[in-house]
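Worksheet for the structure shown next.
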């Protein structure tokens, strides 16, 4: 079977899975899975850029995705009344002071001659800067968080269209990636993994604890949408009439329309990114990246600046993850920092890329859609399996209860197993790199 | 002529699936002898030695030790059979003490090794002085002594040295050669690859000049040094 | 008097907890650093190996408690420890045979092994949650304190109390025993030396007739023992919760890297550097300072540099600084 035929078949298979879900469960749940599948595919493209093109191991996808989510809040929500006056500017000044401290310390370190004096001055600058920062920062935070804490207590956003948050989410993630890449790239590959693991945990910690920023674990809900609201559709006589002509009741029709609009939006982004990623792959830049990946020493000997190239692609890939994160938060309509789990947002994406075929953009997209589909469907299957296994046991048996309760953890096992099996027996994935 | 103690007989082969590097190359050494492999850069000197030691695929020809065909054995198995090998680089455990290096050399032995260790210390007195120092902290010449000492700890029947004087100063080189002669006087056959052809041939009982993976000239060290062809082509006149 | 009070408060809230936490981190980091030195990859499954070992200890402890077996004032978990170590050894040896061996024979790049270890991490995590569930489990018993704050106050008449928990004492004692045993093994026994030789120079070790598979097997067994001890001590001292062990991965890696990956001595030093930084930076210094400052100058705030929610940020920042300025770590490690 030739490659194009096989690949078309594979994509056809995924499409069939969604159609079957539509037929046997409901069109609504098929679209729900599809929308997250599209977003997952985008994340997979980002990770594939880093791993497949350049061999960079990013274990902090979750952090970049969460930064995208933060962008959605910062861009699209209305500003909290009086928050900026009360303490917002103060916080801003404090952050600038904090950044200035770090810059000053770096300057001191690079300008002064090496020795005890330098270490001492650096230390004094850092400690002094820190206390100054806290002195300005803390009252600002207290003031902001005191404003209507039950409903707000945060700065709020810029009240701009939420679509704008998507590129901004990418930018935020790119900034964080630049910081990490600058430190950890050029060292052993393991170090990047550990550094990204750390930054992801810290980003989540910031989101959870800095209430002034995005309300922390109190969550920001009711983000504006780029698509119409169901209620508005149901109230429009034209829409009701049109849905009746399809034989649908207005409620179902409105949910489907909203979800379908999201699907179209996401598909446009996905296709654009896919085309760009394909062009990048085939460009001299992409060829160079892969040459570096395959033989770093040789590429370096030929005068390629490996670390700079790696930094480029690392920032780019992370930006894509940030973009996808903003899209996801838009789809959810809320930012809930408590729900960011490394399993779901880092590890799962890795499984998608490796199963799909690392180094192949189409593979990443296929893997994203397919693995997401299974991720959603494995839980009911696992539960069903457990029920079958335990059906012979007594109703009040402790083991039966334990097994049923544990079905939720089957996902961890299954995904780990899939990853190991694919790595072992088909390391090139479903659609191998050409 | 009787069968030599160790012989790589008409070996042809290369690394893995790569092209052949050696072509019908023959190398042999007898007890009490120092045999030296010399030749221009890229002639396959080290490769020939590695072939004898089992580190590359010999496609035709054979390697025999004391009459036994060992062509199919792995390098580790050859160590057990009594071959001692000192690689050119990374030939000591830098983070371990001199004494621990020697102990590790004797890892395959289960009997008492203190006698052998004393012999090594007698050969290389400086090592005894520095026995509790990390080997990585020693000078280049001393490191080479540790490396040779480590290989001697198995009480090998034959000792193979891959460019033992690479990267050491001329004075140290002379001293190392003296030590090697001393080791050889104990009756241990020594097979050695050398970059410094002239000095090496001076101490050699037997010399092999390789060119492009083939035996170009073979003879005693003196013969080769006297051979005008050999002198002209790469001893520099 | 005020100075003494300050000293006691400092010991009570900073020194003693940091020493106990540092010992736990050091034991964890030793495992990571050994795997790195011998198998040459960063083992992301280490946190979950700790969780697995600790889980067996928890289950066995419950069993023993159920039978009424105990150690009196000491926690029953100490009795369960040998069983847990054996169970954990079995797990890692099976994992090595089923998973890692293949890649070792392929001579796969380290980054592949790191990804593989991530797969293993999730499977182990899943197994642990499957068996014992994702929630907090208590298994500490016996005497709670070696000396309680109240007793200390009565004894000394100071205003500040000094409490030393039994678990903290046990942590330090067990950690010291484990480390002494480990270094004795590595420096004095033939097998231990062969492990160091293999870590130092793999090719030469092969030439010397050292069997790599044996070295790898011993390494896993030692790592399993260290991980179980670390996991049980952490669980006794704080609490057993599967997800917490995953989060410990960051400070453990930071410790190993700060000390110099592949260097056992460095791992211990790194553990204490990280632990002391974490505790001092997240401790509210108000109490200590109130004793030390002259009257009227006492701090009004808590004088806490960073909220405890950010304790992982501390290890992360230290990690970044080390990576920036001394990627081989404080003690010379293998990696660049």
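Observations
We call the chains A, B and C, going by the order they appear; numbering starts again at 1 in every chain.
The rule we apply is simple: a residue touches a chain if its C-beta (ideal position, glycine included) is under 8 Å from a C-beta of that chain, and two chains touch if they have at least 3 such contacts.
Quick caveat: nothing in here was measured; it's all calculated off a predicted structure.
With chains as nodes and touching pairs as edges, the resulting graph is an open line. Comparing chain C-alpha centroids with the centroid of the full set of protein C-alpha atoms picks out C as the closest.
With centres taken as mean Cα positions, chain B sits 58 Å from chain A. Chain B and chain C have CA centres that are 47 Å apart. A separation of 31 Å divides the Cα centre of chain A from that of chain C.
Across the interface of their complex, chain B is touched by residues 190, 193-194, 196-197, 200-201, 203-210 of chain C.
The touching residues of chain A, when paired with chain C in their complex, are 55, 57, 59, 130, 138, 183-184, 187-191, 193-195, 197-199, 201-202, 205, 208-209, 342-343, 347, 350, 354, 405-406, 409-413, 415-417, 419-420, 423-424. Chain C makes touch with chain A in their complex at residues 41-42, 44, 99, 102, 109-112, 114-116, 118-123, 125-127, 129-130, 133-134, 246-247, 249-250, 253-254, 257, 301, 305, 307, 309-310, 312-313, 315-316, 319-320, 323-324, 327, 335-336. Chain B contributes residues 75-76, 79-80, 85, 87, 90-96, 100, 103-105, 107-108, 150, 154 to its touches with chain C in the complex.
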